[in-house]
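Given below, in the form of structure tokens, are the structures.
Both complexes shown next keep chain A, but they swap its partner, so chain B is in the first and chain C is in the second.
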Partner chain A sequence: MKPNKKRKKMGRGKTIFYWSILAFPLLQFIIFYVGVNLNSFALAFQKFDYSGNGYTFVGFENLFQNFLDVFKEFQEAKYLQTAVWNSVLVFILGLVIGLSLGLLFSYYIYKKCALSKFYKTILFLPYIISSITLVIIYKYFVEQAVPEVVLKLFNIEMDGLLSNQNTEFGAILFFTIWTGFGVQTLIYSSSMSGISNEIVEAAKMDGITPLKEFLFIDIPIIAPTISVFVVSSVATLFVNQMNLFNFYGAEAPYGIYTIGYYIYRGVSAAGTTLSDYPYYAAFGLVMTMITIPITLIVRKVMNKLDPNEG
Partner chain B sequence: MKKNKISILNILLFAILAIYSISMIFPMFWALITSVKEQYDFLDNVLGLPVKVITENFATVIKYFEVPAQQGDVQVFHGFWQMFLNTILYVGGCSLTATLIPCITAYATAKFPQKKMSSIIYGIVIVTMMIPIVGSYPAEIDMLQKLGLYNTLVGTWIQKANFLGMYFLVFHAAFKALAKDYSEAAEIDGASEFTVMTRIMLPLVRNAFFTVFLVKFVEFWNDYQMPLLYLPSRPTLSFGLYYISNNTANMISTVPMRMAGCIIILIPIVVIFTIFSDKLMGNITLGGVKG
Partner chain C sequence: MKRKSIITLAMAAILALSSISLTGCGNGGGSKADATKTHLSVLNYDGGIGSEWLKRVAERFEAKYADVSFEEGKKGVVIDITNNKNDGSEGVTNTSFAVWFSESNAYNDLIASGQVVEITDIVTESLSDASNGAETGTIEDKLSEAHKEAMTAIDGKYYCLPHYEVYTGLVYDVDLFDEYGYYFSETGNFTNVAEEKTVGPDGVRGTKDDGLPSSYEELYTLMDQMVADGVTPFTWVGQHENYANDLFAGLQAAYAGKDELLLNVTFDSSASNTQATIVEFEGNKAVEKKVDINSQNGYLMSQQAAKYYAYELFEKIMSSDSYHTKLDKSTSHLDTQEKFILSSLKAGESPIAMMIEGSYWYNEATEALKRSVNTYKEQAEGRRFGWMPLPVQYSGSVTEGNGRKNTVLETLNSFAFINARYKDDEAICKLAKLFLQFCYTDESLVDFSITTGLPKGVNYTIPEDKLAEIDNYFQRDLLETKMNSDVVYPYSAHPIFINDQGNFMFQQGSEFWAATIDGEKFANYFAANKVGITAKEYFVNAAIDKKTWEEKYGEFLK
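Now for the complex of A and B:
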């Protein structure tokens, strides 16, 4: 009996300890994740009452009023349709160019080729330098220095890349992809360093070329890591601001809006009032509902493509 | 291996990476030389080296770096040192809570896997990483206002004190990998669970803890959008930089002054990176482990 009693007592002590250290994290999660998302859902069915009652239920007759406002805005405001297209374009180009170059750079670092340590640091720089600092430098560089370089080298006068409507979107898109290699390169090269030497050596004895080794050995082995990266990128499809707030604050030209920028700008801009929040909550909810199935489909596809699965 | 290093693929990658490096270093170098030019020198000579190196630009930026902030009904101006203090309090507090909470949550779930809540928490972390939440800012502001935490430093620290995300997985893997011998020996000697955690287990993962703290520190130092939304009365240096870059009505709105502002904000991060680059670039890859 005695040892049992002792075990029971120890168990209780452990249980108290367990719950006491988890109490705050769980409470935080309940309030700031569950609560906020429930609140976001509720806010989408509310309106702001200026007579002092704060947010109140819109009523059953106007239940979907905020959502109708969202769809109406989508129908009437061409820039919102463009924003969807821009968001998708940023995502696809970021994935195609960013992922393929990111993987190739990772391969180079993993193979410890010439200057790989230096290149690793350079690729990582945009991660440690704040995006606002990079944006300011880039903004003035492409506006002031690039036209000067072109003039000196080719004797051609040109506008800054951001002042010219034809090059503005491309210049920002380039910047977004250009600064996005850092962390993914580190993650992929780290995953590649886990590849067994025996596999690579055996393939080399069979005369495999570096390109084939990259395509048919390295990529399939790190497929799970690539899958996690792709799925989490899809999850940010309508969150990505493409650095527009950094470049323009709340004044970005309508034609280059992304959905992520539209929402952040809407909530943070100086003119936003409490009565605007329900509209943006409904807008966020609609976008979440669109993104969830896309994320799940991409996840399923990535799992099917993963040679390590099943 | 030698064959690898001279393959066409590697030569091609070397060339692309060289171009990338130049495209990254050249604007930085341009920003540095611009930051020590006088305005007329810059206008005459956008690309070249300065006629005269003007280091006073940095002192001028520090002196006139001001951002308005609403405190109650009054508008006050925060200067460089006030913003520096705001930054240290915001970044230090948020980095600490954003590292400590995933760490102790991971400790509890890794140490007591038999508890149902442990597997529920692990599942929550995995699922929430895959669920995209778009535009919950209004609800979060509303929630903070209801709790009386909006626009307070403590509010932002609590807001960031969540266990979600990949660093929970990093700590969980670290605690799982530790031998149980240490904690069991201490328990036999009569140490309490709290003592085992704080005196034995947490020190054993101090490297991972420090790395996550550094990563978070860099992240919060660079972020100005969240303070803009949730802490508008205490502008940080990054926010200040955003403000002066979009505001022409001040002493420091010239390009050389703005570049000097960028260099000033860069210095602490470059120092941290220089000292801890191995930690930052080495251990961050732990996040690549599939959960």
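Now for the complex of A and C:
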């Protein structure tokens, strides 16, 4: 066999291998991402006809009717405006607290300080235990244990933190940040564990302090990981439902809605019918239109801040 | 290395075997693999009814068709039961279940999206074959007028059948009522002497509701008497605020009565010659007004008097902690039921008289009831709980012959249907239809009720001797309630209802109970009451105005 032919045959073999590995995930992506999103896009310009025609085009005269309904709802329903604010708040606090504490804990684990393995396990616990179980435990804690402890210690009678409207949102926000914190820590600490020992040793020989090592060596090296995390958090800004469905099912009080919960509840609660889906499809598109530019800007900023870039 | 390979291979083998065996498992069903018989896959939403009823009907069906062939080379039938809380909202045809017994079903969606098979033939043909000659009527004969109209509204054909029916309202501790004598006497006091009791809401002496509050005024008096006796009048689930809607729906039904309540979905006074009683305010005084309802002014139903009085009662309940148990968000429905059961058994506890619940509660509380008997022995045996008839007027007391038949409201939208995936599979489709029809023979309906303690959503009579087979008071009482009450099925053929069913459902989480006050939205009056909103404020702000009605439903008003 001529070497050229052999190379060609080997090349074909590689191509077959490559496509056989890629085919399934690609198919899955096409059906469950591209297909679903295209369907959702089309749905935003449709309405449901109960006389047997199913979903039909709204017509050019009503082309943006579903979008107009979304804007009208935004204008009239104060709870939707609150939901936007709640979503942003969850994002900002999650980012600020989660990121800063996450990085500190990661460094602690990475440096194998005292009890680091124990902390690693504790931080990972929320991911081993089912989220519903965790929510139930937390509910008992804040609704029964906390008032009992306060009564015993200070002789003050108080409602559970979820029963009291002033503390309800805060209690759930805390839970969300706490349970989301572990995964960040694990990602950052595993990213830090990839830092070359030579670099750290060299810095130590130059007399670097642990704080300086953290700030000027570790963080810059894992900056791409941080960047991915921040950008993906922005992209899911209006998807995060702050565990509300786990806490309340479809019955969360309107005042603590996030946009993610509003959409999820809207399409899954009892009482949702096929005629409601086009509205939620339009709603999703509006949110996407808001999120895309923000995500692109944040990505650009993160790339600029990343010392590994350019 | 070799050892590692052996371990890896062994693990792979175990995983492969377990995946095969898992695929073969049903979920609580009695999947009996038998290639010589035709299999029919049946989904059972086993929320509060379990699956025993289905196993029993399946056994009788399998025996009846043991020698019949539905597929070439096969003889007999196997019903494969899967217990699964699937309401079909994520698609029926993408599942393999041929027959569905489910709940929370938006039946118009299922029909309009082609998810279910047309079953007009089995609904309208004689049940003679299915019942071995015991019946000559049809399933259609057993359907209420509301069901007949609503089920065929889209194209005049039947696709679904009502499955079980659930009412919402109050469960009361009959033993406690007897012990304390919480029955009104003709003199306006309380009594436990049968002859002295008032006629109750139905206005008929000698019936079960004698002495029970027939008006809101009497109910308020009863609540105060209970508190004075150290009894807690009400409890309900803290975890789910929407359980409060269970009380609103029950009260609204009882006060409005069947025909007026149906105006909430039919928007047509002329059909039943019934006017709606709405409330308008003169200052703080609620003034009742009678109006004819039609499509154009259907929005007035949001101001139904029956709805306002329900909110007013709830405002009273929430006005003092002594009217209700402590509510916290970690208390589940099962916790609440157990607390209710144990409250009059535990020394030092304030007994609870009434619980806001769905009529299925007794099945959910089975384990709690067992535990109460294990702990309190004979003291906890044979407890009597009842389904409470609710007030039919605002003040005074109903006098003999001037009451109204008890009215209860079905709220769970539970239906049975056949998966359209099998519409072209002649054998399975035929078998599914036969099975569905078989489930609606009188024998199957009675057996369902005796087994589950719950009524089916069709008309049938449970003979006394069969009723006596039920070993507990509550379920007997509930089934008697079904037979002696006007049951409202809140469905309609009106295009507004068909196109926006979600907004007119009385179900717990429905928008029907929501209101927006100063831009703040509340799911129900319970949520609003917690921030100090009065019943009047809530009711007034829940009103739908003409403009909104026309904007939203203009295309259906022509």
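The criterion applied here is as follows: the second predicted complex is superposed on the first by the 281 of 310 C-alpha atoms of A that agree within 3 Å, B and C clash if a C-alpha of one lies under 4 Å from a C-alpha of the other, contacts with A are read in each partner's own complex, and residues count from 1 in each chain.
Operating definition for what follows: contacts are C-beta pairs under 8 Å (C-beta built on N, C-alpha and C of every residue); 3 or more make two chains touch, one makes a residue touch a chain.
Note that this is a predicted model, so its numbers are computed, not measured.
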Superposition on chain A - do chain B and chain C clash or fit: clash
First (chain B), second (chain C), both or neither touched by A:Tyr140: both
Chain B versus chain C as contact partner of A:Gly255, first or second or both or neither: second
Which of chain B and chain C A:Lys78 touches, first, second, both or neither: second
Contacts of A:Val231 with chain B and chain C, given as first, second, both or neither: first
Touched partner set for A:Tyr50, first chain B, second chain C, both or neither: second
First, second, both or neither for A:Met205, with chain B first and chain C second: neither
Contact breadth on chain A, by residue count: chain C or chain B: B
Touching partner for A:Ile156 - first (chain B), second (chain C), both, neither: neither
Which superposed partner A:Ser268 touches (first chain B, second chain C, both, neither): both
Residues of chain A at both interfaces, chain B in one complex, chain C in the other: 136, 139-140, 144, 249, 251, 268, 276
Residue ranges of chain C touching chain A (in the complex, touch as defined): 87, 89, 104, 106, 108-109, 112-114, 154-155, 238-242, 327-331, 495, 498-503, 505, 507-511, 516, 518-523, 527, 530-531
For the chain B and chain A complex, residues of the former touching the latter: 3-5, 7, 9-10, 13-14, 16-17, 20-21, 23-25, 27-28, 30-31, 34, 46-47, 101, 104-105, 107-108, 112, 115, 117, 121, 124, 128-143, 147, 158-159, 161-164, 192-194, 197, 218, 221-225, 228-229, 238, 241-242, 245-246, 255, 258-259, 261-262, 265-266, 269-270, 272-273, 277, 280-281, 284-285, 287-288, 290-291
Interface residues, chain A side, partner chain C - complex: 48-52, 54, 76-79, 136, 139-140, 143-144, 159-160, 162-163, 165, 249-251, 253-255, 268-276
Residue ranges of chain A in contact with chain B within the complex: 13-14, 17-18, 21-22, 24-26, 28-29, 31-33, 35-37, 39-40, 42-43, 55, 101, 104-105, 107-108, 111, 113-115, 118-133, 135-141, 144-145, 148-149, 152, 178, 183, 186-191, 204, 209-211, 214, 224-225, 228, 231-232, 234-239, 245-246, 248-249, 251, 259-260, 263-264, 267-268, 276-278, 280-281, 283-285, 287-288, 291-292, 295, 299
